[in-house]
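Next come two complexes built around chain A: one with chain B, the other with chain C.
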Partner chain A sequence: MILRLENLTKQFGDLVAVKDLNLTIEEGEIISLLGPSGCGKTTTLNMIAGFERATAGKVYFDDRCVNDVHPKERNVGMVFQEYAIFTTMTVFQNISFGLRVRKVPKAEIRAEVRRIAENLNLEKILDRNVANLNLSELQRVALARTISVKPSVLLLDEPLSNLDAALRERTRVELKRFHNKWGITMIYVTHDQLEAISLAKRIAVMDSGMLQQFGTADEIYRHPANLFVAKFIGNPPSNVVRGEVVKKDRSYMFKSGEYELDISMHGDLIKKALKGNKLAISFHTEDVKITRSRNQKNSTPVEVFVVELLGYDQIIDLKVDDLIIRALVPSSMEVKVDERLFMDIPVDKINLFDLETEKNIFLTAG
Partner chain B sequence: MSTIQVKEVSKRFRNVQALDNVSFEVPDKKLFCIVGPTNAGKTTTLRTIAGLEKPDQGEVFFDGEPMNEVHPKDRNVAMMFQNLALYPDKNAFENIATPLRIQRVGEGEIKKRVQDVADILHINHLLDRLPKTYSGGERQRVALGRTIVRRPRVYLFDEPLSNLDAVLRIEMRSELKRLQRDLGQTMIYVSHDQVEAMSMSDRLAVLNEGKIQQIDLPARVFSGPDNMFVAGFFGRPPMSFLHMAVEKIRERTVLTSKELKVDVSALAKGLQEYSSVILGIRPQDVKVNTPKAGGPVFKVEVMELLGAFKVLSFVVGDDILLGNVPADARVKLGDLMEIRIDPSRIYVFDEKTRKVIV
Partner chain C sequence: MSKRSYWEENKLLKAFRFFAIFIVVVISLFPIFWMFSTSLKPSYEWTPATPIWITKNGTLNNYQTVLLGPGRAKGGWHELVGGELTGSMEGGAGKVSLKGESALFMPLFTSLLVCGSATALSIIIGMLAAYAISRYKFGGNFFSFFILSARMFPPIAVVIPLVIMFSIVGLLDSFIGLIIAYTGFTLPFSVWMVKSFIDEVPKELEEAAIVDGMTNFQAILKVTVPLTRGGIAATALFVFIINWGEFLVAFLLSATKVITIPVLLSKYFTTVQGRLYGPQAALGIIASIPVIIFAFIIQKHLVRGLTFGAVKR
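And now, the complex of A and B:
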């Protein structure tokens, strides 16, 4: 099924929860709706499922507008953070429930449950009572129950956020395997970008009820459409520095307080697409190079403020006057708090934003 | 100063052994993490330190002074939980001042201390505003302010960040760490998140099923895990574990499975008494290439993009092996890839005790 949202809007009193949302999800595609809490993700799902009525705009299932179709008739499957299962039944009874209600013949039920269970790695625990399952298994039972009645689209609202980190990852892999084999149209709502990237080819980033960017993980990562996306994407999130452009002779300098960066290589772009002189730059933490001795003549002296170990890598917070720049470097590099180092920012990898519009001028310039 | 010692503490709830002979020491002015999965006993440990649970056995000491008979409110600890409740009808000033009012601190002193806290946490603009106007991070900061406005012997934090969005969580993580350093106070921090634990703590205790698994520096639990639990808990994607036989082939000692051979002659001494072991290797250390050198090949079963790299899953015997490749590597599901395991990057565990051998 192709799912299409057209100028979808939802207002609760004065609050605009979703505004003019346009999205098309292809047959069998899995997309992520990614954004902070309160950005309108769940309201969007509820309008697709029919639990909320759109204030304006339309929801299409293939070519059919379903605005006036009752939720029960939409054939939408939903899985939430809180799993909905019958706690006194076995796994088999839970998964087969919807089929039994529809009076599907017994042999057919058995075959269908087995097929679903195999896809979600539940086949060995079909006879267990759900009271004895771990959270990952419970969530997969909830999922199995939902898909047993063959919904034409599956909506998942932060289904993994009640699981602890290790289970979350295992369940995510199971979900991914399931989608590979099953090929159902799926929308996965999350505030966790790693989850979004790992599950979906295309990601819709939302904030304040509005779509900020819709694209592949790679597109969003390389060229965030605006300052919100830039600050949201990256693990840890990218550095964003606000300042202004100062033209000196033929060169363009970016200035923020005492900090200066020569961005002349983007001079043509700035000339073409920047309206005033107020500019922000963004760059990923892993692109920041730190060294003990001055690397280039324009290396910036910095002071180590905080060191956070992540395993293979560590996050270093670097102080440049009033700015804090975050760098992701291998843990093998020994760095101490208060140590003085030098920092280089790769100018070819930065993104530039017009502070008037907050938009990425790489994209607005075409 | 405040050194906290937990000595041989056990605690049972009906038929669940929540804590089983737990001992550790929290050095003065350090940030100490207690980390483990759900139901590991983390919160029970914290509540025992606070005096909200009485241990069946064992004792808690603050600076060498036994605490078991000391009432919670006389222990002078400040606790902050995951579900932070602010008084909705009070502004930030009054929310933060509440614990001081309960302690009957003078009005002038209250003003000064709330102001100090507001400066540290950058929440001056919230002091006369009501909680409903705060963002998630601001709410968290005000709750934090209410916790730190007292001058307790120790701060006890129970997953204070787990209700926050991913991005905000990363922000608050380094902010909390900075704060603890600036305040110079002992802090015990409970988390189920291995990254949070590694990144924040000066030292940490890994807990599972009520038992201490390892007490160490953050870097050590990653690079030198004592057992398979710790090895699998830290690092993402997690370490893979493969069942292997130990064989002598000519002069060499080799770990073998049907599909894989790893020459471990350099480690041979520790392996003499074993006929089978478990090999552990992190996905970053598995060499994955397109087949050419004639090494063993495996089919890509699952592929996940995780930012700068892709994680590939392979089936090896009854086990799953994860390997990383760069995000732009040309790999498809079902492709055959050649796997090489560098013996210098592996861990070897005892099958029965699950402890590390070499």
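And now, the complex of A and C:
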């Protein structure tokens, strides 16, 4: 089924939860809705499921507008953050719930539940009471119950966020395996970019009710459409430096306070930027190179401000005049606070933003 | 003297705790004991100069009086002062007994009917209202407090206008009138109590049931109600007890036909003997039996058992 959202808008009183959302999800595709809490992800899901009435805009299942279709008729499956398991029932009763509501013959129910349970590694606990299950099992029971009625689209609302790290990873892998095998259209809501990237081919980044960017993980990572996406994607968060572009001799320099970066290599793209004066560049922490000796003529001398060990990697806060630039480097490089080093920002990997529109100039110019 | 160890201190504390609990239990159970003891006493032992804890002249006359009506009990307290007592009994108890049934039958039936239906109505309406308030925020934040406002007046201030209105529409001294009054008076409690239980059931559970093919109403009935069963049972018991012991409204709304047990209790009074403590105690004992039975029936629902709603850890 192709799911299409057309100018979907939801208002709660004065609060606009979702604004003019346009999104098309292909048959069998799994996409992630990624954004901070309160960005409208769950409201969007609720409108697709039919729990919330859209203030404006339409939800299409294939060519059928389902705005006025009751949730029970929409044939969607939904997995909730809090599992929504019926605690008064056993695992079997939970999984067979939808089938029993639909009055499917008993023998058929048994066969179907067994088939799904095998797929999700639940066959050994079918007779158990749900009170004794661990969180991963609970979430898989919820998933099993949801897919037992063969929904045409599966909506997952932060299904893993209550799980601890190890279980989360295992359940994520199970989910991915499950999707590969069943090929069901899925919308996966999360605030965790790692989950979004690992599960979905395409990611829709949302903020304040608006779609910020819809694209592959690589597109979002390499070419963020606007300043919000640039700040939101990347772990640790990307560096954003505000400043302006000035022409110096024949080259174009990005200037922030005393700090200057030659960005002439982006050529024509910058000419457009010269018109707007307030600008910002962004680059990922892992793209920042640190060296003990000056290896290029435009390397910038910096001072180490803070060092945070993360295990294999470490985050180093570098001080350039009033600026703090963060770099992610392997822990094997020994760095001391207050040490003087040299930093290179990879000019080919930066993105340039107009601070007024917050849009990526490189993308809009192209 | 041996040094006091940590354990000895603990034992002392334990003993003290036990003693404190014992005192509380004695204080709360004493009235019941006294009522039971009095119900077995002959009339001259009801208010003696020195208290009689357990009577040596135990008699079932008080129960006989309550069950059969004052005129019919044999060898009861009234024989001490002669037949004139029967005539001076006020109101309905005596009249009811004339129907050839037990004197207790009509008031007991009235109480059970009125309290039972009012409790059922109060719970059903309360549940629907509570659901609307809890899930749809019906009436905003203000409404749920507004519901309580009727309980913020002294009851008498609410009852008097009610009596006047009921007299106009002809609901005085009728079963329906009293049922309406009781339903109305207990509704705020039902709404508030049931609401707190519904609040605890995540709405995702209903949504899950709906996407699996249930209608909204089915989801409420099959998912939310079973999960709040314990709470609803507790609320029902609470409301039933309020109704069962209610006097003011029943007294003012009734004349001769609709006599509830608390009203009957107030009629055990004679000009000669004053309060008839023995029959009152006997009636008290009998009146507590339905409540105890009711509590036993729903007891298993009172235990909440499983974690409420979704399993969260």
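Assume the second predicted complex is superposed on the first by the 362 of 366 C-alpha atoms of A that agree within 3 Å, B and C clash if a C-alpha of one lies under 4 Å from a C-alpha of the other, contacts with A are read in each partner's own complex, and residues count from 1 in each chain.
Please note the rule applied: a residue touches a chain if its C-beta (ideal position, glycine included) is under 8 Å from a C-beta of that chain, and two chains touch if they have at least 3 such contacts.
From a predicted model like this one, the values you see are computed outputs, not experimental measurements.
Asker: In the superposed model built on chain A, check whether chain B and chain C fit or clash.
Answerer: Superposition check on chain A shows chain B and chain C fit without a clash.
Asker: After lining up the shared chain so the two structures overlap, which partner does A:D164 touch, if you call chain B first and chain C second: first, second, both or neither?
Answerer: In the superposed model, A:D164 contacts chain B only, not chain C.
Asker: Now for A:T88: first (chain B), second (chain C), both, or neither, which partner does it touch?
Answerer: Only chain C is touched by A:T88; chain B is not.
Asker: Go through the superposed model and pick first if A:L135 touches only chain B, second if only chain C, both, or neither.
Answerer: After superposition on chain A, A:L135 lies in contact with both partners, chain B and chain C.
Asker: On the A-aligned overlay, A:A49 touches which partner chain: chain B = first, chain C = second, or both, or neither?
Answerer: It touches chain C, and chain B stays clear.
Asker: Given the touch rule stated above, what does A:D317 touch, chain B (first), chain C (second), both, or neither?
Answerer: first
Asker: Contact-wise, after the overlay, does A:F305 reach chain B, chain C, both or neither (first, second, both, neither)?
Answerer: first
Asker: Looking at the overlay, does A:P151 come into contact with chain B only (first), chain C only (second), both, or neither?
Answerer: In the superposition, A:P151 contacts chain C only.
Asker: Quick one: minimum Cα-Cα distance, chain B versus chain C, in the superposed arrangement, integer Å.
Answerer: Superposition on chain A places chain B and chain C at a least C-alpha distance of 9 Å.
Asker: Need the overlap of the two footprints on chain A, from chain B and from chain C, as residue ranges.
Answerer: 135
Asker: Which residues of chain B touch chain A in the complex?
Answerer: Interface residues on the chain B side: 37-38, 136, 165-168, 170, 173-174, 177-178, 192-195, 198-200, 218-219, 222, 232-238, 282, 284, 301-302, 304-308, 313, 327, 333.
Asker: Looking at the complex, which residues from chain A come into contact with chain B?
Answerer: Touch residues, chain A against chain B: 36-37, 135, 164-167, 169, 172-173, 176-177, 180, 191-194, 197-198, 217-218, 221, 231-232, 234-237, 286, 305-306, 308-312, 314-315, 317, 331.
Asker: Chain C touches which residues of chain A in the complex?
Answerer: Residues 49, 51, 70-72, 74, 76-78, 80-88, 97-98, 101-102, 130-131, 133, 135, 138, 142, 145-146, 149, 151, 162.
Asker: Any idea which chain C residues touch chain A in the complex?
Answerer: 202, 204-205, 207-215, 218, 223, 226-227, 306-313
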